[in-house]
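So, here come the structures, one by one.
What follows is subunit A paired twice: with subunit B in the first complex and subunit C in the second.
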Partner chain A sequence: MLDSMREWGFFLLRRFGFFLIALFGVSVITFTVTHKIGNPVYLLVGTRYNQEMLDNIRREIGLDRPLHEQYLRYAGNLLQGNLGISRFSYNPVLEDIGRRLPATLELSSWALAMGVLWAVPAGILAALRPQGRMARLADLAARTGVSMPGFWLGLLLIFVFFAELHWFPAPLGRIARSIGPPQYVTGWYSIDTLLAGDREAFFSSVSHLILPALTLAITTSPSTLQITRKRMQEVLQSDYIRSARAFGLPGNKVYRYALRNTLGPVITMIAMTYGYLLSGTVLVEVVFTWPGLGLYAVDAMNHSDYEPIMGVVLLSSGFYLLVYLASDIFNALFDPRVRTEL
Partner chain B sequence: MKRSLLFNMLFVLLLLAMLPGGMALAQEENVLVIAIPGDIETLDPPFSRFQRSNETNLNIYDQFFRYGSVDTGLGYSVADTGTIEGASVESWEWSEDLSSIVLNIREGATFNKTGREVTADDFIYWFERAVGTESGTLWNVNTANIASWEKTGPHQVTLQFSQLSPWLFFLFRDQSQGPMDAIEAQANVADDDPWAARWLAKNDVGSGEFYVESWEPGVAMVLRANPDYWAGKAFFDQIVLQVVPSSADRALLLREGEVDIAASLSTDELAALEGAEGVKVLTVPTRNQMIMGLNVTEGPLANKLVRQALSYAVPYDDIIEGIFGGKAKKSAGPVPVDGKHHDGSVWPYDYDPDKARELLAEAGYADGFEFTLDIASGVATTEQIAVVLQAAYADVGVTMNINLQTAAVFGEQLGTLGHQAWMRDLLWYVDDPGYTGVATFRTGGITNWMGYSNETIDGLIVQMNGTLDEELKAELAREYQRIVSDEAPQLFLADMPFEIAMRDDIHGYVQLPDNLLWYWPLYRE
Partner chain C sequence: MLAGEQAIPERPSLLQRMMRANGPLRVRLNIGLLLLIVLLGLLAPLLPLHDPVRPNPLNRFKAPSLEHPFGTDGNGMDVLSRTIHAIRTDFALAISSVALGIVVGAPLGALSGYFGGRLDSVITRITEVFQGFPQILFGMAVLAAAGNTMVNLVLILAFYNVPVYSKMVRSVTLPLREADFVQAARVAGNSPLSVVFRHVLPNTLVPVFSQLPLSCAYAAQMIAGLSFIGLGVAIPTPEWGSMIQLGANQLVFGKWWASIFPGLALFISVWLLNNVSDLFGSLVVRRG
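Up next is the complex of A and B:
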């Protein structure tokens, strides 16, 4: 018991150490890269300035200090939860991120749910009947999803379902302008409208969500589908399933065992996909005017606004690293060998 | 029974008539929806740097002056820079020696949010804030040669000039030059923010045609018309500035009638919208020039003959037809074709590759040379022109490398003379050759990104800016254009039009010199 606890302690310490080192690495790289893509002072002053104004701004934003000093100041602020001030929105970056994050979380979660609801059953069915129609359909959907850029698919869906068929509203944010955002509870409009008991607002928020979530679901679910199918096939061909069949276990029971053994890597893949979605919705947010983190990052890039770029990259990396950490812990729970690996 | 029914009906009608606006019998509001590519940066005019913020501030602050306008008969009007009208300043009187001006502030004008009357104190605060914040506004104050300001009455301010101020009106109709509610601004200062810059970035305290009703960052800003605006309430009760980052979406939404105006569309999207049902595209000439600047301080580009050769090697017609679809005008020197005192007779260049080769040989570069053109990434037009130029220069033996840079690097190198050659557009919103001269061709000028210096030109600029005699100025401007064209520190590639797409029931468009959209004169019919 004590050995096991010690093993877990070392394991978690090691993994958390790697997490912090990786986060530190990300902060150094992001800081260096953004500070090497050009001096924003000239953009900040426009074309109406003199040398004194330039010097003042340079001093004000700390660009007159050596790069390592600038980084130390940035890292010190980071440790206090201060991601700096956006020079475009004039808000603390953390505040801006806090305002935008629920939109991205809601979109990513819907996209993940839509993707999983389709990809996992499709993968299982394709594995059960490798030559069947579902397998061929899964192949086609996976290839299409992998090869089609998200922004292009988004534009296509908008053209077909908004401009031609008029089934969905214009791609203008999260809810109809005439309705307006619901009272803030979770920041997820689809939930907050329900909590407010406002049916019209709920349907409006959901109808605004479907196309962007579908776009993301189509482009991100193929990996889940493929891994489900492959893993299920492997499991179905494994010795223990063959034995179970030989012992005359009913088909349903056999499939249930197979499914349970399939789910490990599938859940890991779903977690990875969620990590990707939280940081990879940029172009889809642009196409659907979805006011999330991606759109915030694009605005920041367009205006060479360093702090928000660094903040969003750091946050996205943090998500990814957390997902990896959770995945490691999850695997360690089921496979004790993982706990002793370096 | 009948009498009772009639009585009841009358009673119901009376009740309905008594209902307040916005209820059963409410008139529908006139709403104009404009799809814009990105969020508004700031509501604090002195700190506004991007087109969207400039446009919003133009419409929510009442500038000192404004231009009159002239109907072109082509479905739009253009600002007449020769006619200055009062805005927040109702009238003015110059001193005899033109060393000072008395500004009479419009009485009865009020600030939108507080209802306070605009007074001389607000104007004095505005000047003090310009100095205190050291923002672009101060640059305008200095460039207008304003030495001091003084309250000379409850609605009167007197300005003293350090020297003649030929551009006062042009500069003080700029979107950053409008009084703000001094009391409200001062009530929101902080210890580390004595000019309330943080608060004013998010809160409007103007007396303009509109005020901010709501703002959801990244989604939309809603403006409401000032019902008491001195020139009358705007036709549109509400302006919705809807953020739509994808230009393909903006074009589609306009076509579908979801928005009334789509801002910042690409040339291809505008071409595709021409002829679309219910949509019109206005193409308006401007003083926006596409320019290639050459660093004249070193290397082959320091040689005047080389710069002239490069000017002769520009396929002007290919650029105008191929890239601008024939809608741009051929540039002819440092004063835009539609600018005041433009004189095309002193412009020597046409596409002539043989002449270019001759000049290169004369300059000692018969075998050509190599140089790098830097352009900011993400600007499709400059990239397209650069490719056309690259091919044309290769034809005369010159290798031009195209280097795409981030906007920040590009901007920094302009300021530090780090480019060998650069390309970008320059919009001359002050219609005066003396102004463009002092900014761009004077030794050390703010946009003299070529390192160009010529004593004769410096002298001509001083003379142009020292006179209000337009005939003399035209004469000086002619010589100025002749010398700059001959020395060719810049290559003038095209005078570009401004294009905007809108629903065909939107009228009243007035083209302003800075390409900002003025909402007040717009109406739907």
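Up next is the complex of A and C:
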């Protein structure tokens, strides 16, 4: 009992330590971009300035200080949630991000759910019959998805299902303009409209969600499918499954054991996909004018404003590392071996 | 020859194995088509095509016809000619960024794998941080801060490839440390650096080359993606991402050709590169 607690303690400490080191690494990179590659002075002086004003601002924001001092100041600001001010919306970056985060979270969660729902069963089926028709189909679908540029696939779907067939609404935002956003509860329109009990608004929000979510599901799910299939095949060929079969265990019971041992890497891959999606939606958000973090970053870029982009970079790398940490802990719950790994 | 000894068959060359593995037809088809695309790009200026960068205001968004088999785009430029000329831009940018990544990453990986210790753990940590890095966003920020040029685009993509190759070369180097030929080189009095660069590094190249097409595929997708939002390669230079962008707003009105054809070219190239990388990979495993 005590031993296992110690094991857990060290495991959590190691993983959390790594999480902090990684966060530090990310902040060093974003610091380099905002302070060394870009010059924040020009963001502050506006369009009319002279040398004296430049020097004053340099001193004011501490650009004349030694490098490590500048970094500490930057990191201190980050810890207080100060990500700078957006040059085109004049809002603090953190505030802007908070307003747009639900849109991106909603889209990536739907995309993840759609991808997992087809990729995991397809991967398992493909592993059970490696030469079967299903396996070939899954392989083809995975290859196609991986090679498909997401933004182009989005345009393709818009062309077919909006422009030609009119099955889905125009790719303009999250809900029909005539309906307008529901009252804010979670920020997820597909949930808030349900809570408000507005059927029409709910259908509108879902019909706006399906195409972009499908686009992301198609391009991000192949890795889940491949890893499910590969892992399941490995497990099915392992000694303990062979012994289980030899002892005459019924088929569905054998598969249940196999499935359980397949789960670990699959969960890690799903978590990594989710972490990737938060920033991986950028181009698809542009195609569908989905007002999330990606579109915010692109707007900022068009104003040569890199602090909001760096804010989104920080947030999404933090989110990725957090999801990764969570999947590690989740795996350790099921598999004691993970707890003693580095 | 001693009794019972069998003649050792000569080991087939990499090329021979390449042509044989996984059903010769599929391999030949993939590599052949990829070479065809590269050739098409190389010969583009000699082919009887329209000028890829000459606008014609009277000829905007014309549907595919005999004169313009892929139609014309929003500037009245010929989409077929631009799609073919774009092979040059996209492949050149992708290959140069990957090559730069290898030139920096492979020696780093060999050094860290060979010497181990603190350098090794630092490089491994950095690689791990990069796995979760939002690459498109970061590229956007750097290009916004440092200037939106093709050179910067290549540098960023090379930057992403450094950890990929340092990690791979490192993992191949680890078992090589104790290999006979490396020990022999050491005993023969070579300096540690010369052991790494003349004996270890050349023996890590096979997995590097099997990864190469995959990295190029990824780089091509990144280049097109960034150009799609107006970064890196600007119009009128023919490039698939910016071409897709130029056609995108007419797509909803049913004028599909200006976006669909360049996207198709990108999709097919990436597909072939991925396949070729898979085939190389299975060869490396088989050799194992």
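In this section, the second predicted complex is superposed on the first by the 290 of 342 C-alpha atoms of A that agree within 3 Å, B and C clash if a C-alpha of one lies under 4 Å from a C-alpha of the other, contacts with A are read in each partner's own complex, and residues count from 1 in each chain.
The rule we apply is simple: a contact is a pair of C-beta atoms (placed from the backbone, for glycine too) under 8 Å apart; a residue touches a chain by one contact, two chains touch by 3 or more.
Source: prediction; values computed, not measured.
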Contacts of A:156 with subunit B and subunit C, given as first, second, both or neither: second
Which superposed partner A:56 touches (first subunit B, second subunit C, both, neither): first
Which superposed partner A:286 touches (first subunit B, second subunit C, both, neither): both
Partner chain in contact with A:164 - subunit B first, subunit C second, else both or neither: second
Subunit B versus subunit C as contact partner of A:295, first or second or both or neither: first
Which superposed partner A:99 touches (first subunit B, second subunit C, both, neither): first
Partner chain in contact with A:89 - subunit B first, subunit C second, else both or neither: first
Which superposed partner A:199 touches (first subunit B, second subunit C, both, neither): neither
Which superposed partner A:253 touches (first subunit B, second subunit C, both, neither): neither
On subunit A, positions contacted by subunit B and by subunit C: 37-38, 151, 155, 158-159, 162-163, 170-171, 286-287, 298, 302, 304
Interface residues, subunit A side, partner subunit C - complex: 18, 21-22, 25-26, 29-30, 33-34, 37-38, 143-144, 146-152, 155-156, 158-159, 162-164, 170-171, 272, 275-276, 278-280, 282-283, 286-287, 294, 297-298, 300-302, 304-306, 309-310, 312-313, 316-317, 320-321, 324
Subunit B to subunit A touching residues, read off their complex: 38-39, 41-42, 49-50, 134, 136, 139-140, 197-198, 201-202, 216-220, 240, 242-246, 248-249, 252-253, 255-256, 258, 378, 405-412, 414-415, 439, 446-447
Residue ranges of subunit A touching subunit B (in the complex, touch as defined): 37-50, 52-54, 56, 88-90, 96, 99-100, 151, 155, 158-159, 162-163, 170-174, 177, 181, 286-287, 289, 291, 295-296, 298-299, 302-304
Residues of subunit C that touch subunit A when the two form their complex: 125-126, 128-129, 131-138, 140-146, 217, 221, 224-225, 228-231, 244, 248, 251-254, 256, 259-260, 263, 266-267, 270-271, 274-275
